[in-house]
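So, here's a batch of structures to check.
You will see chain A twice below: alongside chain B first, and alongside chain C after that.
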Partner chain A sequence: MSYYFGFMHRFSSNWKIFIQNPLGKAGLALLSLFALMAVASFGLHLLGPMYDPMTGVDPVVSRSVGPSTSHWLGTDFIGRDILCQLLEGAKIAFIVGLASAFISIIIGTVVGMVSGYAGGIVDILLMRLADMVMVLPSLVILLIIAALFGQLNIWMIVFLIAILRWPAVARVIRSQTLSLKQRPFIEASRVAGASDIRIIFKHIMPNVLPLAFLYMTFRVTSAILVEASLSFLGFGDPGQISWGMMLQWVWSSGHMFQAPYWLLPPGICISLLTLSFYMVGRAMDEVLDPRLRREGQ
Partner chain B sequence: MKTMLSSADITSIDLYHTWVRVRLKAFFMITVFMVFCLLSCQEKSTKEILKIGLPEEPRTLNVWLASDSNSWKILSQIYQPMYLRDPDTLELIPWLAKDMPVLDRENMSYLVTLKAAKWSDGTPFTAHDVAFTAGVFHDFKVPRYYSKWKAVEKIEVVDDHTVRFFLKKPSAIILSRVFTAPMVSQKRWQPVVDAALKTRKPLRTLQNHKIESPLGTGPFVLSQYQKGTFIYMEKNPRFFGTGRTMAHRRLGPWVDGVIYRMYGTGDVAILALQKGEIDMYWWGIQPGYVAQLTQTPDIELFHNHKSALYFMGFNVRKAPFDDRALRRAVATLIDKEFIVTRLLQNYGIAMHSIVPPGNAFWHNRDVPRYSEGLNRDQRIAKAHDLLKQAGYTWETPPVDENGNIQTARNIRLPNGNPMEKMIILTPPADYDPKRAFAGMMIQEWMREMGIPAFARPMSFGALLDKVKGKHDFDAFVLGYGRLNLDPDYVRTFFYSKNDKPRGWNMSGYKNPLFDDLANRQRAEMDRNRRRELLIEMQRIILDDVPYIPLYNPDILEASSRKRFNGWVESLEGIGNIWSLCMVKPVTATELNP
Partner chain C sequence: MKKQQNAIIELADISKIYYQKSQLFHTGAGDVVALKDINLTINKGEIFGLVGQSGSGKTTAGRLLVKLENPTRGEIYLKGAPVSGLKGRELKEYRKQVQMIFQDPYQSLNPHLSIAETVMEPLIVHGAGTRESRRQKVLDTLETTGLVPATDFYDRYPHRLSGGQRQRVAIARAIVLEPEFIVADEPSSMLDATIAIQLFQVLLNIRERLGMTFLFITHNLAAAKYLCDRIAVIQNGVIVETGHTRDVIDHPSHPYTKTLIASQPSFDICPIL
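After this line comes the complex of A and B, so read on.
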């Protein structure tokens, strides 16, 4: 119970710091808006088959038309509703962003903790591996893989982004681990007979997790941008609506300069969602690092 | 301290000012003169140079290796065939040949007389060049030509301008597939061929030979090639067609040269066309650009049919598509109307047979049309009937007891086993969004019947390897963008002997009756009798449906009428050798009537 109250107390005080940050407030508001859009996409089937973002077409509209009462953002080149695609795209952006960021954070955190704690040859090998992966141009690698194997499905894209984006996290977590392992409570645990695995996961991990979550917000941003770039270049998953795929369709069907109602919404959404994650990340940075706080906070 | 100026000083200052003014005037006049000269020179130098945009760099200028359309856009202006299709009637007419070939049925030979043409280096084009070219096709087994030229047993050079082709057996495709091959210069290629024959891989050596300045008989010669930037072709002053009237046209070229510029994307090329940087973009444009281009003054749009076939193919070698009933059911489920009106934006037609309807003489109109005129519910009901009769069952059938359409679940094969997940392979969206999207829609239509279909776009090379090389697939969506007007391809696609790795019978279709008809049509010299055989072949194929013909897109092209006009429209559009021989600079009168 005391642990619960302690957690709630910490959360409450951190929340106060977070919410006082204008960037944090704006980011959270934007993020909530996109979360609402993603949730709304689950109810599209209730509107009828015409509003299925992938296969639903307006029976009387067989080309791209501008906004109307039945299609608030207009239709694409085969008569599909752009707003429905935008809502579905929000869901996919969250899935891709959060899933790939989560996987890359897990990999980065484990590698960073093991590397920092073990030291020696393990540290050298893991950090050189991280250096190698870090300097790989991830978008180019993804494009080559996509060109070799044809288009990638959405989960493959998530996985590939994750395994190319963990090294930066691993480096930060390693440095934090190096500092933590010199602390008395780690020494006390070791003296008490705790195994290395237990020390890493029971004592070090809780102390590095806030930092990992902070980095997760930045990973989300890059994952969303990579997926959108891949899809726009024609290597995305055509069986899955995403904002990048919407941009690909507007481009490949020759409507780039014809249909601003189709071109602008996905582009704006990509920018705003990545911006919102970035702003939330910056605000969280302030929560975790007291040196960044203004006086009185 | 003030300084008093004397009258002499004042005079000298006046003189100085006058001198400065004169200098300024002279400078101004010289500048104006230079600008005028510069503009005049520019006007003169660009006036008769046609600028054409290409979507990609030609992969090679080696005539033995070239297989991509961009390479042939360049090569087709250099290397010429003996016979060429009339752009209006689409009949073959003499090109390098003087007359139509004379058939000697007794000796099974064709006599061809040649025009007095010259290679671009001034040497005469002779019958020896024709025999040499045929020899290279035969000796090196050049992939693009060998299978057709196999029909020729030997070639006799009667004189410098007469050549006789002896055939092994009667062949209906000799004129359309053999005599339309490009001719090369013996003088230029003999040393290369001799050297290649001495190597371990002669064909590879021949194809790897680097061509700096191709020697041809066509209307243009290669002048400059800056890789990745431009290709400049100059008018060939020795072109045999200049001043002659062929296909009711007095041929030029009427331009001094053609510059080809490469544009990676259609958007950039369209913008270049609108800004006047190019006079024509030699590639089909997406229907989405039509509204934008029609509003641009000086842009002319051309809308022409293509000889093409886009289709869904099945692997009939294995379950589940070895069952004709299932293939027919899938053919019934496909809404071709949807594909044409929405994916093609009405710039194309639905295909029902293997031979496009535009090829009217050979096209069979009376093939089974599985989904024509049916709405969604009718298509599902008809497909349900077909499958039910063939013994397929469902956990939840697509049609309930009252005849209402419902969501089908878990289809079972006639042997009671559940139907396994099946993959529809398509090219990727960046290669062809229409085919990728058609595959996805077919997936959805099949799922409405409870068929567990999954469209999977994959890179074109990997797709071909699976479909044509390994035969490791269930179904695919592919297309032939440029079908020959001779319908012998119906045999090629479905002849049982072509069911081999890398063979053209990708579906693995085998039917002895079809094979017999296919062989007979190939040997039939009477056009009408051959037509009857091909009509029957199409009926058999659409009855067995190893392929479901889907659509035939039209070609939309755009040119600027600001500087040049006279483009020749034909099947496949305005990008053809006739246009390049007929395009003329717009005169001042035409610009300001």
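After this line comes the complex of A and C, so read on.
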């Protein structure tokens, strides 16, 4: 509880630095827009079965048509509403990005803290493992697994991206832990009799969490891109619409250069959503590292 | 060495050598001898001063005593029992009896923990008391160190405290378990003179009320003169002179002690600092 109050106090002063940064402002605005889209996707069923992003087909449309009053962004090749698919895709992008980034920072933070604090042989083993995972090409591995085991569902994809993308987080957290380990308050805690587990989770973790959350924003970006690539190549979850899958349908139904109203929205959304997470991350970076701030801030 | 009846801590022939790593053949060229054959006896209830300049090994001695590091050779005795090789529960028991106050109060408090959490940590770690009794104990201890009213400080965070207040919190953390022996590693060196005097008063109070024994590590002979019953002067890891504070300062026998005394500005004009 008292930790919460301390957090809120720091939060308000850090918020000011964050919001003064133009990158932070733009990133957050864009991110809110996409969040609204994702939230709106939950209301789609209110519009009737015709607007279901997966199964809803407009009975009077049997091919891809451009924007109209009943379909603001047009329809795909069997008469499904593109705007509805786009909203649904925003939801999936958030789920995939945030969930897999969250899992990978949990793994990365724990591995990094243990590795940095323990040192010695534990450190060597964990970091060599991280090196090995780090050089694996995520997309290729996912493609191989998808090819071996058939279509993966969306949570499997989330999990696989997460376990392929933790090493970068682990390395950063490890180096931060190495410097924290030398600080007198850690020694004071050891003198008090605290166990290693307690020191790691009570003293080191609160000090590395801001950094972990910063890296989470960058992990989100890469997770969204991997999922989009996978779906575009036709190995996504067939039961879930995603922006990558929309692009795949444009491609496979031969509308690549015939239907810009269908091709552009998912492509632009993927770019802007990853960009907004990146900008938010850069602004957070500035909060955490005062050296990046301009004079007078 | 003759065992004294009321000795609480004894250092017997303690040496600490930091070996140079990453040498194919160990030549000993880069090794640092921090302490060389140190013999000390600290009696119950006294404040023992360890005086020396920077790099003389005095902080290393303190770190050995709280078992943050282990001596290369020699043995430390707590109330006659050897402490090297303590592990697990025995080490924890030792930590309950020997605590430390660190030099820099800006570095020794975790910025993410409140004052209450910091001071309560030793109690939680050693499973002392109930939730309610711990809270009361923390409040009492904060009062003892002069942080009054304690309830004002209880839920605060270190960044809202001054250096002197932080050091009082560090003292509270060290005494909350009521240890027998406390190593105070230059607790006043980061504070200005008036705050330092207040801090010394706190330490003297604690000794009076709780009967603790202190090893006071300092480079400041005047501070040692103010606080300590006996002092040892250390130079390059070797103790050059030991004795009652007054005797050592009034009649220094070793040239290094004379240099230290001569280097104290206006020692005669200001009797305290």
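One rule holds in what follows: the second predicted complex is superposed on the first by the 291 of 297 C-alpha atoms of A that agree within 3 Å, B and C clash if a C-alpha of one lies under 4 Å from a C-alpha of the other, contacts with A are read in each partner's own complex, and residues count from 1 in each chain.
Note that in this section contacts are C-beta pairs under 8 Å (C-beta built on N, C-alpha and C of every residue); 3 or more make two chains touch, one makes a residue touch a chain.
Small disclaimer: the values here were computed from a predicted structure and weren't measured.
K.L.:
Would chain B and chain C fit next to each other on chain A once aligned, or clash?
P.N.:
Chain B/chain C on chain A - fit side by side.
K.L.:
Considering only the touch criterion stated at the top, classify A:144 as touching first (chain B), second (chain C), both, or neither.
P.N.:
Neither: A:144 stays clear of chain B and chain C.
K.L.:
Pick one for A:207: touches chain B only (first), chain C only (second), both, or neither.
P.N.:
A:207 contacts chain C only, not chain B.
K.L.:
With the two structures laid over each other on chain A, which partner does A:197 touch: chain B (first), chain C (second), both, or neither?
P.N.:
It touches nothing on chain B or chain C.
K.L.:
Given the touch rule stated above, what does A:185 touch, chain B (first), chain C (second), both, or neither?
P.N.:
A:185: touches chain C, not chain B.
K.L.:
May I ask you to decide whether A:64 touches chain B, chain C, both, or neither, giving the answer as first, second, both or neither?
P.N.:
first
K.L.:
Considering only touches as defined above, state whether A:239 meets chain B (first), chain C (second), both or neither.
P.N.:
The first partner, chain B, only.
K.L.:
Of chain B and chain C, which one contacts the greater number of residues in chain A?
P.N.:
B
K.L.:
Just to confirm the value: shortest Cα separation between chain B and chain C in the superposed three-chain model, in whole Å.
P.N.:
The answer is 49 Å, the least C-alpha separation in the overlay.
K.L.:
Mind listing the chain A positions that touch chain C in their complex?
P.N.:
Within the complex, chain A touches chain C at residues 2-3, 5-6, 9, 183-185, 187-195, 198, 202-203, 206-207.
K.L.:
Quick one: which bits of chain B touch chain A in the complex? Just the residue numbers, please.
P.N.:
Of all residues in chain B, those touching chain A are 266-267, 285-289, 291-292, 338, 341-343, 345-346, 428-431, 433, 436-437, 440-441, 443-444, 454-459, 462-463.
K.L.:
List the residues on chain C that touch chain A in their complex, please.
P.N.:
Chain C residues touching chain A: 66, 68, 92, 95-96, 98-100, 102-104, 107-114, 116-117, 121-122, 125-126, 155, 157, 170, 173, 177.
K.L.:
Give every residue of chain A touching chain B within the complex, in rising order.
P.N.:
54-55, 57, 62-64, 77-79, 147-151, 233-236, 238-239, 248-249, 251-259
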